[in-house]
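Each of the next two complexes has chain A plus one other chain: chain B in the first, chain C in the second.
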Partner chain A sequence: MTTAEKIGADERLIQGFSKNKAQLPGSKRIASLREQAILDFQKLGLPGRKSEEYKYSNVQPLFKEEASLVNTNLPAANGFSIEQFQLPGLKENTAVLVNGVFSPAHSSLNKLPKGVIVCSLKEAFSKNEKLVEQHYSKYAQSGTDAFLALSTSFAGDGVFVYVPDNTIAEQAIHIISVVTGSTPSLIFPRNLFIIGKNSGVQIVESFAAHALSAKSICIAVTEVFVDENAKAQYYKLQEDSGSASLISATHARQERNSHFDTNTVTLSGEWIRNNLEIALEGENCETHLNGLFLTEGKQHVDNHTLVDHRKPHCQSNQLYKGILGDKSTGVFNGKIFVRPDAQKTNAYQSSRNILLSDDASINTKPQLEIYADDVKCSHGSTTGQLNEDAMFYLRSRGLSTDSARNLLLSAFANDVLETVRIKELKDHLDELVRKRLEK
Partner chain B sequence: MLQIKNLHAGIEGKEILKGINLDVKAGEVHAIMGPNGSGKSTLSSVLAGKEEYEVSEGEVKFKGKDLLELSPEDRAREGLFLAFQYPVEIPGVSNINFLKTAINEIRAYRGQGPMDAKEFLAKVKEKQAFVEMTGNLANRSVNEGFSGGEKKRNEIFQLAMLEPVLAVLDETDSGLDIDALRIVANGVNKLRSKDRAFVVITHYQRLLDHIVPDVVHVLFDGKIVKSGGKELALELEKKGYDWIKKEAAIA
Partner chain C sequence: MASGNDILKEHISSDYKYGFSSDIEMETAPKGLNEDIVRFISKKKNEPEWMLESRLKAFRHWLTMEEPRHWPHLQFPKIDYQDIIYYAAPKKKTEVKSLDEVDPELLATFSKLGISLEEQKRLVGMQSTIAVDAVFDSVSVKTTFRETLLEKGIIFCSFSEAVHDHPELIKKYMGSVVPYTDNYFAALNAAVFSDGSFCYIPKGVRCPMELSTYFRINTAGTGQFERTLIIADEGAYVSYLEGCTAPQRDENQLHAAVVEIISHRNAEVKYSTVQNWYPGDKNGKGGVYNFVTKRGICLEENSKISWTQVETGSAITWKYPSVILKGDNAIGEFYSVAVTNNFQQADTGTKMIHLGKNTRSTIVSKGISAGKSNNSYRGLVRVAKGASNARNYSQCDSLLMGDKCGAHTFPYIEIKDKSAVVEHEATTSKIGEDQIFYCKQRGIDTEKAVSLIVNGYCKEVLNQLPMEFAVEAQKLLAVSLEGSVG
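Entry: the complex of A and B
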């Protein structure tokens, strides 16, 4: 009865929009984006088995049960301490979302340089209307993906970051997106980051769960605009609890001479899909896409990337690594477009995976579409077990099988972790990975 | 210290060792020489515990214990060390970190607490000098991008750090130029003591100019066909292995 269920879920969402739209925030223009987006969703529908983009990640079962839809109020169960999710050294600028809704009580934004705005998206809809309208829903277009369409329709809150021109934010901004609740819920945090000319910022976003006792689906969309000569780093740390599913999309636009680094580290969560799309809109841009995922049990982690080289002299570099155990499954799909204009492009992509059990599996697919002739592009993908010769060598020096294995896996993971430029975050990730590997 | 009795072993159903007998006492240096394919590397692999080798007959006693019953790590913890013919490159794992883990696991096995960080670093410094290693080499990933000579020096450095009671050197001289050979041999000589034994496996006599053995054995077709003093190595150097092969054929 797949067809019936599919129709059911789509219909439910569309009806949910009609019921909820009156309460959703934003100007008339935002409201008309929402209307357009729900039409887009109606056309696209939730991806089915035949969808090429979601071929190895079946989303249908996630939407089988009815879930309560987002609203713009904080959930009742919000009386917890945020400290458990904070990172040492990153406490000063913390923006907290609870079920996608900005929570001023948990947030503290004390060390922002002059002119820098970090606030709830809802607030920005009214206070920074012009800025929002200039960028919102421009990089993540609702007609291209069902989840972008749903996000644009439903999202009522999230974090808005604005760094004006010629401003360096010395302290990193930490967004903590907490999922909580005892009834199934569907939530839509939506972020917009605007980084001005010659500016710099580091943003860390953690996904975590607190007292979550029901299925939850989080559709999290972030748009990033990196203006000329700006440098931005965006780290995503996904450590959701077992019953949380996450569909997360980051859509970035880079202007000339800009530099953008992303790092997606996935340590837990039942079902995770990351879409990362970067458009290199100006010359001389540099972009780094790094990812690490450690899976166990029946976890599913899917990383889809797209780097769109639109202008000449840009460089992109991708390194994704996975360590998959038990019956977990993974997907890596990396697309690189090099448009006819984008001469002198350097684009590299590497996907490396270790399977720790016979039942774990990964599908990797590089997809290069090159329409310029003077470019350097390469891709590589490996999937295998731990190197037996290395294991024997270490054991022959007195290391137990477990510590030999941990040493090799840590080294494997470290290639990605060493690209993390915030020391406190790097230390935290090292510790999390070490603990995971020792399990 | 090491007693091998009638050892038969092979790989993938093919018998390579066909009844080895060997008795190594503390303080002794035994050289095992032999032509290619005689079973030299199989012997060292079986002693270290490589899983793909199967022992079909015989026994190996190490300090009175049944060596073949021990896992590779427990063999190391009991004090056995194999210097590999082809040391493995392990990108991302630092030499120092790896050695610290190894030393502490060996200590834990012996009921000792972890080595103090200061003591460990002092030891690294001291033992590096044994094999004329620079600080840089010790901080790099295990064997990654090392030259042939650097890899072998790193093996002897590890040997010096782990202080085993029995060290098996598997063709440590292969791929070494004269200078590297001298450095490696000097390192080994400094580690000789009345409590420590060495089994030096080699194809050529030249290493034995530097590491002078107490006993020389000739391995041929999976058996030790001749044993003698250090002059046997010189004789082999002069006459080659053909006469051994002929003798073995007659026997």
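Entry: the complex of A and C
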């Protein structure tokens, strides 16, 4: 491409949409959502430096290079074994996405209880039209964020999970999202989880890269609907390889008496942004948002949360911890929003960070926006280094500097990890964190 | 100290007791803003060429800027900058040698406000003396105790006088902390600022009395754009107070001031504000837009700057008194009570920029929202790379009274040094029913109980105020919250 022909990233994406839209799956209604979303994107554009929501994360350089849009066709490079990404104890129900496209060959979904559906979103577009229509693009609204708009325009596949009323899925569902390839790519996996009344489910999603030799940007959006009295846990494990960037958004809607927990653990990946939005739409809901990020090299990890208290008597709790090394940068921006009706809200938020290197930096912005008076809300944010007294104590007991340091850091990380309720996953995470700290 | 009865009495009688306007013959510039107006102001003030140049430079830059609208948590209609009078001065000559030459109507105005311009008199019931620079609309009317201060080498005068008498200091320091490029309102101020106070404390001098500026907007349709510059040389100390009021008017008046503080080696500056501009009526009509840039720099080692503010007035407050901690071991402090009632909006906080080694900063912010108001704390703590052993502690608490108001917290924390220890805490709550119940059971009625609890809640900040101001502030808190408990 010559310089004269060079056009902005926004324009390129919009053109890419008109070129590709004919091949994108879904009913007429989905197609009209796509059209609306691209209009939204046109209005919003990729966020610039002045955007308050992306103040500390510069998006523009990511989209400087041309990337090919990967859509509904399964790429050729799928000659790998999925076993390397599976977790012990979580092998029975595995749904695999390769470059954002559901891969039946890699997936095994054998132990699902009766009535539970786990399939590709593309399939759900045609087979479960009614459910999709009821929930799709309702919680992640394309007019609110440029990346949501892009996802709604382009996304053609992902994982669809439906748990009917009064059903407990004993076995966790493991979604593995693999990126691979040798050309720069832009992928849009999109998940929709619907959890019926009085039901329960645990979902783990891993982001990993395989033999990736070019830059890739993954814009992953997940919508979760948690109906009355339901309980859901959603774990995200991000261990992409070096050149992968990830913009992942989770938008959950909770109905009365429901319980939703998320846990986001970020270990690798070049540029990561996590948007997590939870709308408490019914009374007496409870939600816990936990996150841990360990960064090194020139990594950038940005965690954004928004808990929207819309109804009274709800409780939310956020705990985010970061350990930053080398030249990495971290961001935490958490927002608690309490609407005028949401009396008797209890909302807490805590962000704790440790800087290990002089070149690492952390920006935090814990926000409270409160419009109701009978509430208890608080947030705390601390940044510091390892406590000298604690180090001295351990050293005086004969521990080497390294093991004392590792012990303190793993204790710091453990506050988040101990909220993981799946034992196998917790063991796996402990191991990953331990290995990482020993490096 | 004012007794409980006084506070109660005041409760019943007052809405906004400074809402009167004075009938004084004024000389004003025509409405609107262009280079001619800037030249007009400069000419009126008989300024040297370099001052005019700096004004024009700022004005031209201002034209290229945009109002800060996308980030503050504020809503206000478009301001028509061509519909404001940028210069208004009492017609009688302003260079006064003695009090006899001051327009008696002016004197009456200030005495009504409880500000004595007579040097022998003291503020009602107070033991200490305060030197006052009274600014009426665009010009400084009278600065008291100048001679006494001059004996110690302290320069305390109006900004315009300083431009003539101490151009070297003005040239050196003006714009060094808040350059005209800083933000929209700072640029506007640099172009059209009318007057303000100037204060220089020489090496090793501890200022023997509190210095104070009193601002009063009077003329309708005017904006007030004053500039304050305080320089504390090595080892100096000064405590500075600022108060302000405006008449009750239906329209919104713009106040865009700039305050710059420079603190040299071992020097300390304590700056206290009780801001009581007219907040608008119960329906949100009228009131002052208070868009102010205040910033201090701890230039060298062991210097200290402390901001204390009690914000009860203004329809809209947009204000972030900041400290740049450049020298090693420098200390920055920010204590704030912001009260909003009815339709008031406040977006206020601070910035602590840690650049030197072993720098420390403390932020204590107490927000109280009542009625249909919105009260936001917005603060930045930045630790630059190499600012080793920086320490910050921030605490911001919000109190909500009623279910129609909002309380918000927007802290920005940017850390680029691993040895930094930064803590931030924020809470939001309402006055406990058990607390009110306890007071009522002891025979204290609800309104008084609220006043008592609020004062206790703000104590940490009020304790930082000089005594005269603390009493004033306590009363003000009670008045501002009147009728907010139902």
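The definition used in the following text is that the second predicted complex is superposed on the first by the 432 of 439 C-alpha atoms of A that agree within 3 Å, B and C clash if a C-alpha of one lies under 4 Å from a C-alpha of the other, contacts with A are read in each partner's own complex, and residues count from 1 in each chain.
Just so it is clear, a contact is a pair of C-beta atoms (placed from the backbone, for glycine too) under 8 Å apart; a residue touches a chain by one contact, two chains touch by 3 or more.
Being a predicted model, the structure only gives us computed values, none of them experimental.
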item	value
Clash-or-fit label for the pair chain B, chain C on chain A	fit
Which of chain B and chain C A:375 touches, first, second, both or neither	second
First, second, both or neither for A:414, with chain B first and chain C second	first
Touched partner set for A:401, first chain B, second chain C, both or neither	first
Once both complexes are placed on the shared chain, angle at chain A toward chain B and chain C, C-alpha, multiple of 10 degrees	70
Which superposed partner A:355 touches (first chain B, second chain C, both, neither)	second
Which superposed partner A:366 touches (first chain B, second chain C, both, neither)	second
Chain touching more of chain A, residue-wise (chain B, chain C)	C
Touching partner for A:385 - first (chain B), second (chain C), both, neither	second
Partner chain(s) touched by A:52 [first = chain B, second = chain C, both, neither]	second
Nearest Cα pair across chain B and chain C, whole Å	15
Chain B to chain A touching residues, read off their complex	48-51, 71-73, 75-77, 81-82, 84, 87-88, 90-93, 97-99, 101-103, 105-106, 109, 141-142, 158, 162
Parts of chain C lying in touch with chain A, wherever the complex brings them together	70-71, 73, 385, 398, 400-430
Contacting residues of chain A [partner chain C, same complex]	50, 52, 56, 340, 343, 353, 355-385
Complex contact set, residues of chain A against chain B	387, 389-390, 392-401, 403, 407-408, 410-412, 414-415
